[in-house]
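Each chain gets a letter, A, B, C, D and E, in the order it is written, and its residues are counted from 1.
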Amino acid sequence: MTIQQAFFSYFAGAIVALSLLVVTRKNPVHSVLWMLLLFVHIASLYLFLNAEFLAAIQIIIYAGAILVLFLFVIMLLNLRKEETEKRFQGQWPFGLAIGVVLAVFVVLIVGKIGVLPELGQYSVEAVKSEGHIMTVGKVLYTEFLLPFEIASVILLVAIVGAVVLAKRSLE
Amino acid sequence: MVPLSWYIVLSAIVFSIGVFGFLARRNLIIVFMSLELMLNSVNISLAAFSHYLQSMRGQILVFFIITVAAAEAAIGLAILIAFYRNNPTIKVDEINLLKG
Amino acid sequence: MLKYTLIPLLPLLSFIINILFGRNFIKDKAHWIAVPAVAGSFILAVSAFMDVTAGNVVNINIYDWIVSGDFHVSIGFLIDQLTSIMLIVVTSISTLIFIYSIGYMHGDGGYYRFFAYLSLFVFSMLMLVMANNFLLLYFGWEAVGLCSYFLIGFWFHKKSAADAGKKAFIVNRFGDFGFGLGVILIFLTYGSIDYVQVFSNAGSVVGQTINILGTDYDLITVICLLLFCGAVGKSAQLPLHVWLPDAMEGPTPVSALIHAATMVTAGVFMVARCNPLFNLSHTAMNTVAIVGGLTAIFAATIGLVQNDIKRVIAYSTVSQLGYMFLALGVGAYSAGIFHLYTHAYFKALLFLGSGSVIHALHDEQNMQKMGGLKKYMPITYAVFIIATLSITGIPGLAGFFSKDEILYRAYLGGDTGKFLWLLGTVAALLTSFYSWRLIFLTFHGKFRGTHEQEHHLHESPKVITVPLMFLAVGAIFAGYVGIPPLLMEHGDRIGEFLAPVLGHPHSEGSHAEEMMVMAGSVLVALGGWFIAYRMYIKSPELPKKVGEMFKPVYNLLFNKYYVDELYSKTLVQPVIKASDKVVLGFIDIKIIEGIVNGVPALIGAFSRKFRQVQTGHLSNYGLAMALGALAIIGYMIFMK
Amino acid sequence: METTDLVGLSGLRLIIPELTVICIALILLLLELIVKKKEVMAAVGIAGTLVALYGTFKLFGINGPGQAFANMFVLDGYANFFKLIFYVNVILTMCISLKYMAVEKASYGEYYALLLFSTSGMMIMASAADLIVLYLGLELMALSTYILAGLMRKQLRSNEAALKYFFLGAFSSAFLLYGISLTYGLTGTTNLKEIAASLQALNIADSPIVFLGLIFLIVSFGFKIALVPFHMWAPDVYEGAPTSITAFMSVGPKAAGFAVLGRVLFEAFGSMHVQWNAVLIPLAVITMAAGSVIALAQSNIKRMLAYSSIAHAGYMLLGIIAGTPGGLTSTVNYLMIYTFMNIGAFAVIIMLRREGFQGESIDDYMGLAKGHPLAAALMLIFMFSLTGIPPTAGFIGKFYVFMEAINSGHTNLAIIAVIFSVISAFFYLRIVMYMYMKDPKEDVVLTTSYSMNFALAITAVMVLVIGVFPSLLLDLVRVSIPG
Amino acid sequence: MENIILNQLSYPILTYTVFLPVAGALLLLFMRNAGLIRVTTLLTTVATFVISLPLLTNFDKTTYKMQFVERHEWIPSWGINYFIGIDGISVLFIFLTTMLSVLSVLVSWKAIENKAKEFHTAVLALEAGMLGVFVALDFFLFYIFWEAMLIPMFLLIGVWGGPQRVYAAIKFFLYTLVGSVLMLVGIVVLYFTAGGTLDILTLSSLQYPLQLQFWLFLAFFAAFAVKVPMFPFHTWLPDAHTEAPTAGSVILAGVLLKMGAYGFLRFSMPMFPDATRMFVKPIFILSVIGIIYGALVCLAQKDLKRLIAYSSVSHMGFVTLGIFALNAQGVEGGILQMVNHGIVTGALFLMIGMIYERTHTRVIADYGGFATVVPWYAGLFIILTFASIGLPGTNGFIGEFLILFGAFKAQKLYGVLAATGVILGAGYMLWLYQKVFWQTPDPDYGPSGRHPVRDLDLREVVTLAPLIILIFWIGFYPNVLLSYMHASVEHLLQDVNMSAYAGKETLIAQLKEIF
């Protein structure tokens, strides 16, 4: 086992464990906090994969924006009694079974992944020479201009939608 | 060197955990978080593929997924709040006005 | 040609006019149309008869009726010796009965209707006898059945009349079923259903067979037997005789015309008409003869004990028809037709006479409530006596000649013939007995009806008695066209006349044999009279005693051998029950409808069941999705 | 890739229709601040859509000029025809919404903007030649629709509908993404054409991993077009959402789902026809079965039409299963026809809604023919069209689909389909039966407006005209999607 | 295409005939006054009838070819044409349809008070649909008419029918739909087998592999057997007949039932001759069962209309029997019997409708002695009774005789068995007549009773008169109709009897191969 593999093993183990914690904690606030930790670990994995920019936005957006939003809502809804009630619903054994079987199936299938297509132009060296953010930016604003613009519309819709739905009273 | 398959297996396991959370939890917020978990698992595999393919696409897609996740979070939580105002519960199994 | 067409057309016109305008315009003047029409037909028929005697056998096609593929049939007439005799019989008797009906039906609400139906009947009967092919014969055959149905059910408000009409039609349908198939088989065999072509080719298929349910039968025999089915129905032979006694529910002129003189003899006519075919099948001939002989004696025995005056005559008719078939069956076609011809007169006379009695007694038909009418109704009594003498075969009257001819011909027909002759002779004895019994019960002794009836007793009006007298003349003299050779050389003029159509009798016997048969028949006729006289005049208490003595036999006869009950129990009731309980109740409603309604009900049940899957729980929905995905993946893994 | 135009701005010309729609949506957002009359908003929305429609066909003709934005965006007849469906859908929806949203007290200006946003998302989906664009278009459409479904904020039904739609939608999105990631990993690209080329070149068409990715894609598309068992959201959401949105949803996202399903399966995974057919055939059968059968027991007409819509998805799928261009054509044709008849039916449902009267129960249709013969007659036409009885358009749609299914050798499937269409006839007939053969319980007052009448007229006329002169539509479809 | 004769008249007569009712129906949409609507409908149907008459007079009886043909492109992308024309088989049904439509409008004159406009629109739409079915020479066009017809019929039964109308209407609709959708699949298969055409004449001229013929025959059989209806697919019929309003029953009995048999003649036989010959035996068996079964059920009926409805099962059994005898007599008899059944059963339903208007009961036991109460009615009824029984001199005889002839010629045993239906037929019809018209009437119905029943009025007599006249006309001169059929039937039989798989042994061998 190389050092990378050892590191990966740790992170992978942590990610799995944290994921399980996220979905099993009774208190949603705890879940959110475990998730924060999870996101940090995932961001670290991105660093492993030479994706600094992704690591950054994983922290900034996911942890900084999305999770905070979750926390806000949890607070807003003031779910006190939550802690006293059952965390799983009646069908959870099915959920568990499906989760396990799905994992087994998918792992069985994808675990054998081997052959990859011809390598592209963005080798680690190439990206490093230009800087990851630079590379991403270039690609994003040329090749992926259209998706980028669409994403902007999506965000706009999200704003409008959130306002329309959540505003206390419009009239 | 970490083999690609490790990443992919990790991704698969996390995805499954997300599915489990989605199906098993009562609290809608945690259900929602399970969804985010699933998205993150996809992100891991995408980033890994991207790395191993030496292609940028995967990472770009991760970027978009995170963007959309943000938008989804906004709308989803807004819907949740709107719902909660009319019916103060976020228990999945208490929401069954519409059925049959 | 117009002349021949007019023969059936005149009555048809009378029918149309009466049925359309009778109700509102013609009313009780209906006979002003009907009687001239049928009389006109009679005159034309006589003229046609003259033509035939002059050697003009006519075979004309008027127009194509049905053309389909190689099947081709015309509306057309064949007027030969046989037809012309039938024409005379039908039209002459019809005319007399029409006139009789003017008086008899006077004041009836359906007066116009009665004449309309009678006209239609005459039309149909004429079509039947004039047809030049089997299908047109079939047309007339069914049409007379229709008229019979109408006329039996003439007083339809009576349930018994309505039932009897229906029964007559349906029983006849059984016979027609065979007849129709026979016609089809004839075409398939000979490629034509024209008499001329069929009969001229009759011999060409001798020896051919037909496969029925795996067994081969002689083709011609099958054809003949199928045709004979029709005759059995129409002429009320065993076992389809049941409708005729019931048919007496109709007005008496109808009984006289249709159920004695004309329609019921259509079977005889038809078999005689088809003699070229029957001659080719020994089996068929024997069947005809035996059925005829058995019917003759069977009906006669029932006639012994019946009390309804018309029923006695009806059974007598059945019995006499049996005689005719017996004659046909032994190949004595002209004898059969001869008897048909004489029988028409004396039987019509009997019926009309009984009608006169019934009329006088205000619709009383039970002979046990009559008696001593002799002094009130002398004319009726006289004609009754004449008719009875004639039917019992007292020498010198019409019945003697024809009956004697039949018995003689039967006697000559080998061993079967002897047996048949025996049957015939016994039947003659019985006939004589019940005929005299009828007269004694009705006209002799004391009146056994109510006082009121007695008070009103009177002879019938002229319009009734005059036709009676005419018929009486017929009943006496009609036989002189067929005097047996024993009594007069070349006396059998009718036989000679019909010979071109019916051929000559097969065998000739000696004078001695003829004498013996003749003596025998005269003897039994007298014997019958004697027994009746003993029982009903001398010692009127005797019948009761005899009845008590042979109680089972009496009951059997009185209940007509329980044939009606048998049919009802084994055929009618089971069919009706089965159709209600099994076919409709079980197969249709339970099984077929059950499936038809069950499938949607099942789908509906599924629907209600499956909609419960939709619990409303978000996670269940997610579960379904995930399960679906998983199932597909599993499918993919395990199918590989 | 164009070397001279690195950014690919020349491609802007191709997205003019989408831009128009989005711009109009933005204008409406602003307009909401100054204009109070919703009629104006609707008019602007319709006008904008018409401009976009004009743009689509004037600028590009029926067949479209090709690709842009690094081959991520394609404008061909297929996309254009779907856009036509979306335009029709949104215009009709706007027409039937006006009075209705006021009655529901949810007459927000954003409503129209969101309709257009959603439409733009569908348009992008139809034109997407890349899985990334496809995903984003799908999310744009979906997010807008979630909001629209929950627009009646005060009504729990609407909230719940939005909630369920959202969560399950997001769930299916995750599957979509997982599928995309696997596909990407194996082929190294997200571009549909390149995926196809890659499958060919690497000879991995029978790789289970690729197939797994494809299965995930099908699951998520199946969710959008409401295939059983991914349909569970549909009845609840259809029932809870505002009726006009139900109408919109039952056509738009479904059509968009078919657009991407067709494009992805045919362009990218054409070589795996056998594999995806093995998946789709059972799905189609159970979809038709469940949709037709469960609809029988419904008492709410919106819910019933939801199941009907599920069943129809099954029929439409036959064209895809056929796997031929002709099959695709037949599906698209069906969708166009379905648009008219389904929105027409919903329009009649909407007419029954008024202050204090839901008008959604099937019982409310009792004796409708007595008081409102015309409305009943229109409903009758739509119901028979949905059943697929000639001479309505529904028959043409079904006929074409069955024809292509049989032509590709799926006769058994066609027989199953016709059997289920007979079963489905039962519940459509039930509406007709209630309208014509029962006595009215109470007087029904219809809420009508000019725009509603217009929409009804258009849908009814189209249903009949296409039914009698199918060539009008067929020729258009066949030119758009050359066999 | 050589086997067509283009329309030689100066105007498209068939199109006019088919679409005039549609035009009339559209016209009705703008009317409010019920009287005006009735008059317009009547005029439309009469005009349609008059327009259709030149079809009879200008018909060339010497040829089997399609006549008065019109062909226009309709759906070019599917190779489907607006292709219509008639031959000796269909021309009679056109006549029957246009005539019965007039009568059904007449008989509804007073009976329909409720939703008169919708009713008459439906009747006209129905007429157009029926005419379309008989003229269509393109399978697609045929199917459109075939199905479209269901809608107005469904409404006629369901809206204006009796107490069980809804059940009956839905049953009718779904039952017939099941059959026809299977046919639809068959049509499409045929379309591709023939290389992209639905031209009926072309399809008929092609030869198909035996296995395909077998399945297609079954698919088509599903549609046609339900429509005929053959045992055991008949149970929709009694309900539909019984519950439908008079006009509906008349059209149902008069025309709709004919479409199944027409379908056999027009499609199944020429297209799948070998399968047809293969199926002769089963169809014979079903027909004979239908004949006897229908008659037996009639014996147990307590409802006037239901009895006549089941008698239709019996009579249509004769029709299929004749058609599948596959000889000239059988087929011509079958066609003639279809016309006859339309006339006689149509008239019976008309008459039952008339009496129902007066007494408001269809229960046979409620009647009795009506010959005294309504003598003219009784008189006309007895004519129909005997026409139904098949008494010589009426049209029924000619048809039944030819059918039995043909059947006997083809398979003796079945001919004999079928002939028993003639006996049973007399049984139930006379039983009915006796129960209704004979014996003593309920005094309530008499002129001085509580519910006096009046005899037929002029309108009703006029309605019935043409049918009564036709009964005798055909009875005495059937060639007036038969002559139209000869050439077409002959050609049809040639088609059926000449094919690649001639010979019985091969057939059985091939059948084994199929399974």
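The rule we apply is simple: contacts are C-beta pairs under 8 Å (C-beta built on N, C-alpha and C of every residue); 3 or more make two chains touch, one makes a residue touch a chain.
Note that this is a predicted model, so its numbers are computed, not measured.
Novice: Would you pick out the chains that touch chain A and also touch chain C?
Specialist: Looking at chain C and chain A together, the chains touching each of them are B, D.
Novice: Could you give the fewest steps needed to travel from chain B to chain D through chains in contact?
Specialist: Each step joins two touching chains, and the minimum needed here is 1.
Novice: Weigh C-E against A-B on C-beta contact pairs and write down the one with more.
Specialist: Between the two chain pairs, A-B has more contacting C-beta pairs.
Novice: Go ahead and note the Å separation of the Cα centroids belonging to chain A and chain D.
Specialist: Each chain's C-alpha centroid was found; their separation is 31 Å.
Novice: Mind checking the centre-to-centre distance between chain D and chain E? Centres are C-alpha means, answer in whole Å.
Specialist: 43
Novice: Quick check: how many Å separate the C-alpha centres of chain B and chain C?
Specialist: Comparing mean C-alpha positions, chain C is 96 Å from chain B.
Novice: Can you compute the centre-to-centre distance for chain B and chain E, using the mean CA position of each chain? Integer Å is fine.
Specialist: One centre to the other, that is 65 Å.
Novice: Give the residues of chain D that touch two or more other chains, as numbers and ranges in rising order.
Specialist: Chain D, residues with two or more chain partners: 132, 136, 139, 143, 146-147, 150, 153, 162-164, 167, 171, 182, 185, 188-189, 208, 212, 235-236, 297-298, 426.
Novice: Which residues belonging to chain C are in contact with no fewer than two other chains?
Specialist: Counting only residues that touch two or more other chains, chain C contributes 600, 611, 614, 616-620, 622-623, 626-627, 629, 633, 637.
Novice: Tell me, which residues of chain B touch at least two other chains?
Specialist: In chain B, the residues touching two or more other chains are 4, 8, 15, 18-19, 22-25, 31-32, 48, 52-53, 55, 60, 64, 68, 71-72, 75, 79-80, 82, 92-93, 95, 97-100.
Novice: For this entry, which pairs of chains touch?
Specialist: Listed in label order, the chain pairs in contact are A-B, A-C, A-D, B-C, B-D, C-D, C-E, D-E.
Novice: Chain D touches which residues of chain E in the complex?
Specialist: Residues 74-78, 115, 117-118, 140, 143-145, 147-148, 150-151, 154-155, 158-159, 165-166, 169-170, 173-174, 177-178, 181-182, 184-185, 188-189, 191-192 of chain E touch chain D in their complex.
Novice: Per the contact definition, I'd like the list of chain A residues that touch chain D in the complex.
Specialist: Residue list for chain A touching chain D: 106, 109-110, 112-113, 115-118, 120, 141-147, 150-151, 153-154, 156-158, 160-161, 163-165, 170.
Novice: Okay, in this complex, where on chain D does chain C touch?
Specialist: Checking each residue of chain D against chain C gives 163-164, 167-168, 171-172, 175, 208, 211-212, 215-216, 218-219, 222-223, 228-230, 232-233, 235-236, 275, 278-279, 290, 293-298, 423, 426.
Novice: Taking the touch rule as given, give the residues of chain D at its contact with chain E in the complex, in rising order.
Specialist: Within the complex, chain D contacts chain E at residues 369-370, 373, 380, 384, 389-391, 395, 399, 402-403, 406-407, 411, 414-415, 418-419, 421-422, 425-426, 429, 432-433, 436-438, 469-471, 474-475, 478.
Novice: How about chain A: which of its residues touch chain B in the complex?
Specialist: My answer: residues 2, 4-5, 8, 12, 15-16, 19-20, 22-23, 25, 28, 31-32, 35, 38-39, 42, 45-46, 48-51, 53-54, 57-58, 61-62, 65-66, 69-70, 72-74, 76-77, 79, 82, 85-92, 94-96, 98-100, 102-103, 106-107, 110-114, 116-117, 119-124, 126, 135-136, 139-140, 144, 147, 151, 154-155, 157-159, 161-163, 165-166.
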